[in-house]
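Below, each structure is written out as structure tokens.
Here subunit A shows up in two complexes: once beside subunit B, once beside subunit C.
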Partner chain A sequence: MSTLQLVVNGIVYSSVIVLGSIGLSLVYSIGNFANFAHGDTMAVGAFGALVVAIGVNDYLLNPETAVSVSPSIAAILETTLFSLPIWFFVALVVGMAAAAILVVITEYLVYRPLDTGSIELLITSIGVALAYRALLILGFGSDPQTYDIGRSGRIDWVSESLGVAITPRDVVTVAITAILVVGLHLLLQYTTLGRKMRATADNADLARVSGIRTGEIILAMWVIGAVLAAAGGVFLGLDTLIRPRMGFELLLLIFSAVILGGIGSVYGAMLGGFTIGMAFEMTAALPFVGTQYNAAVAFIVMIAILLVRPTGILGDDTT
Partner chain B sequence: MSADDATIVHREPTKEPVLSLSGVDSGYGEIQVLDDLNLHLEAGEIVCLIGPNGAGKSTVLKTAFGLLEPWTGSVTLRGEEIGGTEPADLVRMGVGYVPQTDNVFPSLSIEENLQMGGVAREDGVDDRIAELYDRFPILEEKQAAKARTLSGGQRQVLAFSRALMMEPDVLLIDEPSAGLAPSIVEDVFKNVRTVNDLGTSILMVEQNAREGLSISDRGYVLDQGTVRYEDVADELLDNPEVSKLYLGG
Partner chain C sequence: MSEQQSDDIGLTDRLDRLRIEPGNLGVSVLDLTAVGVFVLFLLLLVGVGVLSLNYGMYLLGLVGMYGFMVVGLNIQWGYAGLINFSVIAFWGIGAYAAALLTSPGSPHDILLSPVIALVVAIVVAAIVAVLIGIPTLRLRADYLAIASLGFAEVIRLLFLNEREWTAGSRGISGAPELFGWLPVEPVVRLLSAEASIGTARNTIVILGMLFVGYLLVRRIHRSPWGRVVRTIRGDEDLAKALGKNTYMMKMQAFVIGCVLMAVAGWFYMYAFQYLDPGELEPLQTFYVWVALILGGTGSDRGSIIGAVTIVAILEGTRFLNEIDLVVALFEAIPGITLNVSAVRLLLVGLLIIFVIRFRPQGLLPPKEELIWPGAASDDTQSRERQATREQRGVDE
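Our next item is the complex of A and B:
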């Protein structure tokens, strides 16, 4: 594979890691604990979208079911945008909403009543992670599944001119990730909610003293983190397979991305996620190192950067 | 411990106090710090709390500001019970609080720090920021800089200004001079006076007892969680016992 191809693959994979890393970093900086359930939140998003996929493929578009729709509506459902059926975008939003609803319920039911220190919350989140995964296995079984969307070919003019294979869904993944990341940046920098979130991350006690209702900020943190994580989960499911363990297996990479970026810094998490995702995919370009070592290479890159900058890439920029 | 020392000159408030703590016990978890504490703040006053380390001075402010709930006794604002009311609500009722340390948002700009001070305002945030810029030009000069880049004295000005965004009637200030160079301490106290002149009643904890009392109307000497002495500030400064025990001779 050409190096340029690996770069393209790296950018696509980085999108998933970046989307996962942001929420983990937000919960660390505002909620003050390392959330081990964050990977499984990504899986919840992927499965939330799968519900829509199953509904469309097995029922609405299946002429043998009672709810099958007329050919004209079926044609609308199957209309494609960037070679993805229009319902996929609905599924993406449903996946995001499902994850957001679940984490908000978890906040009210589990984290908020606990009112405890960060170590206790960390341990609790491991339990929450197991509960999420168990729910997914109960509901969907543990066999790998797909959104049942036919593979699309590469974009011809790109492969002809640059010699790299880029599929339209790669473009969708990267474009939506970019929109979400830029949207988050605008929210954090230019809205009152964003400023309150940064203030609470900086100094939660002073935020309370200033009259900020920090409970609301924590809810916003959960919703934003879950929505981004769910998008990452859906994109991962689109690229690979949808399995209950898919998010958990990504957790180590996401943690390393957050630590690499400077733990607690949202912008650091973006950069760290990009670096880790790139290192993971670029492993194939290394001589004598097989791609089965891709995670190891990513961790070595993390360690090397941390040796030079122990606080992480942007570690000094936030508290 | 008993609070009925003969030396206490108890002064009844001349009018209804804006803020009053009566018979308050309070503390952290199981550890009691305040023991039957009684004090009040009248409209327009600066009242200074002095006393040795661990006397409970900061605990008084935290209990008044809802960061700690009183175990017994009552905390009233303009006659209304506020014991245990959330800080976010007290801010909206006209009480401000400047903590001793960590009293700015370090990664936010000066302007954003002020905006955070005004989150509970319904309107006029920008106008209020402009007023504070007029009063403290250093803030306007550095409005885009992150708060962590400020010097100690500048940070204290920002910490005050953040609390002043709400135009509070009552301001609780915890050790404004802590950790500052003596030359800057004077400025800080001048700012306290300025704020007071504009109509805010101030309850201030101060380690720097002489300087703190010298700009105050009244003072309380706290020891072991209760009031040992209470008097107009000048009298406290002249009181030989207070001087010997609490003002370093």
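Our next item is the complex of A and C:
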């Protein structure tokens, strides 16, 4: 595989990691704890979208079921936008909503009643992660699944001119990630909610004294983090397979990304996510190291950063 | 107050400390009762016929193995406040040391004695623990959590993919007898004719080792070292201000804990005779965590109770699909299939959440057990106060 092809794969995979690490970083800076359930939140998003995919493919478009739709509506559902059926975008939104609802319920049931330190919250989040994963296995089984969208070929003019295979869904993944990241940037920098979030991250007590309702800010933090994480999960599911264990595998990578970027810095998390995603795919270019070790390479990068610059690239900056 | 009496007290105190009593060794009556109740319960189950004797002994051996891991984790998290999410990796180092060096199924064909494997397991686990500790122990507690979780995954990948060295997913089967010279057979035959001698020997070995290990751990927990390590957990800056090398102390706690986990893995190979990288699932680490926080973080007795509880949960949930009520319940909920491992996962996850919410100190929180026996009973305190008063009187 050419190096340029690896770069392209790296950018696509980075999108997933960036979307995951932003939420983790937000919880780190505003909620003040390492959320080990964040990977599984990404998996919840992927499975939320899977519900729509199953509903459309097995019921609405299946002429043998009672709820099958008329051919004209089926045609609308199958209309493609950037080579993806239109219902996929609905599924993406449903996945985001499912993850957001679940984390808000978790916040009210689990985290809010707890009056403990950040380490106890960390351990609690492990329990939350295991519970999420167990529910996913109980609901969907542990076998890998797909969204059942036919593979579209590569974009011809790109492979002719650059010799690189880029599929339309790669473009959609990167484009939607870019929109979400820019949207988050605008939200954090130019809206009142963003200013309140930054103030809470900086000093929660001072923020509360200034009249900011920090409880609402924490809810906003969960919703934003979950929406982005779910998008990342759906894109990974689109790229590879949807499995209950995908969240755990992602968790290590997004933690590496957050530490690399500097804990608590949202922009650092984006940068770290990009680097880790690239390192993950670039493992294929390393001599003597098989691709089965790509998760290990991300880990080595993290250990190296901890040794050299424990605060990360953009550590200790305010978000 | 005569001098005679105060001398007497001093002498009996000293004698008390010399005399080998369960209390002085660090085993209180309560511990013995708890263990006794558990053993009686097992015997009852065996007697009624719910459990076979062999399965009962197997369960006790499992308690011994989990006991080593929980006690080790307690040294790290309970004493020193170190979050280690790579319990299973150190367990795996021990297990693979035993498998590769002593098993006839090992790709290396070395067939050493289990004792050598134990030494190798301990040394390798200690070296690896130091290597993990160097970049992480100087930093905030959550860095170790993340790094150790990543490390566990790397170890799993190594054992899975380096087939020439570890046999990969094919696994290694067979293991020699553990301490074949122990005269177990006549004792076991007294109890039962059909009991398995191998299981009995393994169970006796691991419980004996756990007992010795427990006494040692209990001893260091009450030592000045233990006090400093507990201070670090409470307030590391304070310990530093008192001139303690907190990094070194944390490293020592981390290494001791990891070594105990490796011992548990070493035992596993002899008890189960088969090992493959599938055993290194990160979930196993969280079983040990549940055992510790449920038993009582920082409590040695709690660790043992936690080990008993987690074995009960893990082995108990195996039979879920044989209980009609549970099966009916799962059939009643649409869209859900009864998957025993998922139910166990859910149970473990909810246990973590509920314990931290409703009983963060665990079932047996550390209390008097941390005070040297006899050092802080009420009459000792008054005696000490009296002695001080008398001294002052002499000075005046």
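Operating definition for what follows: the second predicted complex is superposed on the first by the 311 of 319 C-alpha atoms of A that agree within 3 Å, B and C clash if a C-alpha of one lies under 4 Å from a C-alpha of the other, contacts with A are read in each partner's own complex, and residues count from 1 in each chain.
Keep in mind that, in the parts below, a residue touches a chain if its C-beta (ideal position, glycine included) is under 8 Å from a C-beta of that chain, and two chains touch if they have at least 3 such contacts.
Just so it is clear, the structure is predicted and the values come from calculations on it, not from any experiment.
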Q: In the superposition on subunit A, see if there is space for subunit B and subunit C together, and answer fit or clash.
A: fit
(Q) Under the stated touch criterion, which partner chain does A:Ala49 make contact with: subunit B (first), subunit C (second), both, or neither? (A) neither
(Q) A:Val266 in the overlay: touching subunit B, subunit C, both, or neither? Say first, second, both or neither. (A) neither
Q: Would you sort A:Ile17 into first (subunit B), second (subunit C), both or neither based on which partner it touches?
A: neither
Q. If you stack the two complexes on chain A, which partner ends up touching A:Leu135: first (subunit B), second (subunit C), both, or neither?
A. second
Q) How wide is the angle at subunit A between subunit B and subunit C, using CA centres, rounded to the nearest 10°? A) 80
Q) Does the superposition put A:Val172 against subunit B (first), subunit C (second), both, or neither? A) neither
Q.
For A:Ala204, using the defined touch cut-off, is the partner it touches subunit B, subunit C, both, or neither? Pick first, second, both or neither.
A. neither
Q. Comparing subunit C with subunit B, which touches more residues belonging to subunit A?
A. C
(Q) Using only CA atoms and the superposition described at the top, report the least gap between subunit B and subunit C in Å. (A) 17
Q: Indicate the residue numbers of subunit A shared between its subunit B interface and its subunit C interface, in ascending order.
A: none
Q: Over in the complex, which subunit A residues touch subunit C? Could you list them?
A: 33-34, 110, 113-114, 116, 118-120, 122-124, 126-135, 137-139, 141-142, 248, 251-252, 255-256, 259, 290, 292-293, 295-296, 298-299, 302-303, 306-307, 310
Q) Can you name the residues of subunit C that touch subunit A in the complex? A) 81, 83, 134-136, 138-139, 141-143, 145-147, 149-151, 153-154, 157-158, 160-161, 282-283, 286, 289, 293, 335-337, 339, 341-343, 345-346, 348-353, 356-357, 360
Q.
Going by the contact rule set out above, which residues of subunit B touch subunit A in the complex?
A. 65, 67, 86-88, 91-92, 97, 99, 102-108, 112, 115-117, 119-120, 162, 166
Q) Inside the complex, what are the residues of subunit A that reach subunit B? A) 192, 195-196, 198-199, 201-203, 205-214, 317-319
